[in-house]
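Residue numbering begins at 1 within each chain, and the chains themselves are lettered A, B and C in the order written.
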């Protein structure tokens, strides 16, 4: 079949194509681009000076600090869990594997508000361990520990979810080869497994980071909204907005929006790298068939 | 180093992969594990390499108990069917891997590693690819690198899992002759798995024919081909005509005279196409048949004949065919030059039975 | 032949890895969730029922489910169009737009909430054109639909994209060569291939919407019985120190989450068995 005929068989009439493009792009414009533009426009609505002043505010700075701290505490644990879970699931067969995979997905399905409440019920003043914690002077709820815990819960699936399909596709022959050549477990992991999964791992970390820094619902339940102490950046945005301080709220929001854009860019770069490696792998398979 | 396999059994769930397999591999031999897929040959190889643990039985290396030695400490250089090269390492680093992961006190110095790797790359004739990555190599090159990588650790045993399975016919033939030469130089006990009888017969010193988790026969390529121990081996190695005593009484009776074990009941005779003589006149113990088709294939002439409703295949040399001058529809008499009779009905062959 | 059953003893770290994963999962997810069940078990069935079916609770379910259903439907229609044009057509800035589709995954919900509220308010960029027409969106139930549409947007697109990419052009050519019109080809050939992914995407968007809180509360107006979503009702009960009431509602939401998780898994299995594994690998976040 000729090229032109092929294209005709596969394509909508010209008017329909234009209509679909207009509708699709119009939808994306209204729902994605306009909000993004609005964040920055509102942030700068009172000029550069007001914007910078809003960001240099002590409470804003402490909110940024807390948000970063939470991410730094949560992500390494999340990476360890993701790698361990993916290693067990993809390289070994055992009973209840699909149940484990479903459980890993669970935090995606639970409402953030319910997550917050759950930790409140356990560690709160009226919670299961509340009286004991109070008696021993340990503060979890309305403090950093609870914020970290809910963020750990919310971000739990990200790294594992990225690694499982990737490691499943890579199989276990390379690790077996490493072992048969005498490599001890750690050497095998560091020299063979880790280089193979690094991009998938990074991808998962990027997504988990975005969620960790941006989580609102769950953190809002357990943080107690103590200004300058337990306010993360998203909570800071809420407080300023509710006080009708639009410039302040949007200035902080613009920082988070910027984080989102950086996330999208990093994600696109990693996706590109991963596609390149997949292409290398498919080149592998093609050569095998020759 | 010799390998001794004693009564190895292995099951996966309810599937029995190996039934009490015993096997002796003398030092320096190149042994082929041959059989259809699912016969347990790869499982046996992986047990030898320590990549799988047996449920029962023993593995001895040079007379020493090795059953529970971890693959890491067995010092075997496993060669994988799909190469399993480390995709993020250059060819050089792939070959050097086994040396680099040695404990510090055993690890050779960097210069020594470089020397050994380049020696090995020379051995597999691929020094010029040292800086490439696996994805940039052809299948045959990858397999040679995989072999060099396995040899780098100076293995005591070299197990190869379908080493040429993923390659095309031409490369496969080249590579297996090359492997034979390499083996003759290195003299490491090597075991390779294959489902290709031609490969096993051409390369190996000794062939182990396996079926449904059991060893059917062990012998030199010539032995297993000319003197198969079971109907399965007969059918798996080369073409064969099968005759049931019920249908072809004459031949089965002929065979029975030579086979003391099969004295009564149903018998089945196996004759290779090139072991049948065609005569124009009836002779003692011959079978009448009608010539159906005559094809000249290279140096051979293949004749298809019908006896009642059964098809019989005969291979003749060109000279003999010229003398006979067979024509379609002609009546002839067939006499086996060599045949074997077995009491049991032959098992159904699922795949890989025809060839050569 | 690969081993079919039983752990391969060859590779190290199975017990360590599985042990770590199970401990982490148990301490962080299972234990806290069973704490919720424990707290709820202190209620009698009648008490639980009285809270879970109270007037305000019922109204909040109506609002939550109605808005989620509507938003997921909007996303299904437009998501199909967006996925189609992103895969099949070429236009300037396509890769940028493709990357931007994930914005709702990456943008913190609070930011989305205040921004949408500002856009659709009576003096906002969009609200100022709609309000004179009598369309009040922000601080009214339609605002909830707008926020949930934003939140759920990537799910349908990302689930559909790989499926559309996988449709071989030959199939459409074959249909055309057999005399089918473009519309017939779409209805008879493409639609059945897309349906599992569409349903999966819809369900993912819907289940995310039900639990959504951050983006909604800023734009909803939060009037009890009219524009109050269930997660907000849980929060307001908490703020009134009605922990028991909040717990009961949380249990209701958790049960719905489990059902949705079950449905999504079932759908992905269905899509995978019908149209290859790729349909299942789509958007999850």
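Everything below uses one rule, namely that a residue touches a chain if its C-beta (ideal position, glycine included) is under 8 Å from a C-beta of that chain, and two chains touch if they have at least 3 such contacts.
Model, not experiment: these values are computed from the prediction.
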{"item": "Farthest chain (mean CA position) relative to chain C", "value": "B"}
{"item": "By mean Cα position, the chain sitting nearest the middle", "value": "A"}
{"item": "Selected interface, B-C versus A-C, where C-beta contact pairs are more numerous", "value": "A-C"}
{"item": "Distance between the centres, which are taken as Cα means, of chain B and chain A, whole angstrom", "value": "53"}
{"item": "Distance from the mean Cα position of chain C to that of chain A, given in whole angstrom", "value": "16"}
{"item": "Whole-Å gap between the CA centroids of chain B and chain C", "value": "56"}
{"item": "Sequence positions of chain C contacting 2 or more other chains", "value": "3-6, 8, 10"}
{"item": "Shared-contact residues (touching 2 or more other chains) in chain A", "value": "176, 179, 188"}
{"item": "Interface hub residues of chain B, defined as touching at least two other chains", "value": "50-51, 71"}
{"item": "Chain B-touching residues of chain C, taken from the complex the two chains share", "value": "1, 3-6, 8-10"}
{"item": "Chain A partner contacts - residues on chain B that touch it in the complex", "value": "49-51, 71-78, 80, 82, 84-89, 97-98, 100-102, 133-135, 137-139, 142, 149-150, 152-153, 166, 168"}
{"item": "Residue ranges of chain B touching chain C (in the complex, touch as defined)", "value": "12-13, 15, 17, 37-38, 40, 42-43, 50-53, 71"}
{"item": "In the complex with chain C, residue positions of chain A that touch it", "value": "1, 6, 8-13, 17, 20-21, 23-25, 27-28, 30-36, 38-39, 42, 77, 80-81, 83-85, 87-88, 91-94, 100, 102-114, 117-122, 124, 126-128, 149, 152-153, 156-158, 161, 165, 172, 175-176, 179, 185, 188-189, 207, 210-211, 213-217, 220-221, 233-235, 237-238, 241, 246, 249-250, 253, 256-257, 259-261, 263-265, 267-268"}
{"item": "Touching residues (chain side chain A, partner chain B) in the complex", "value": "173-174, 176-184, 187-188, 191-192, 195-196, 280-281, 283-284, 287-290"}
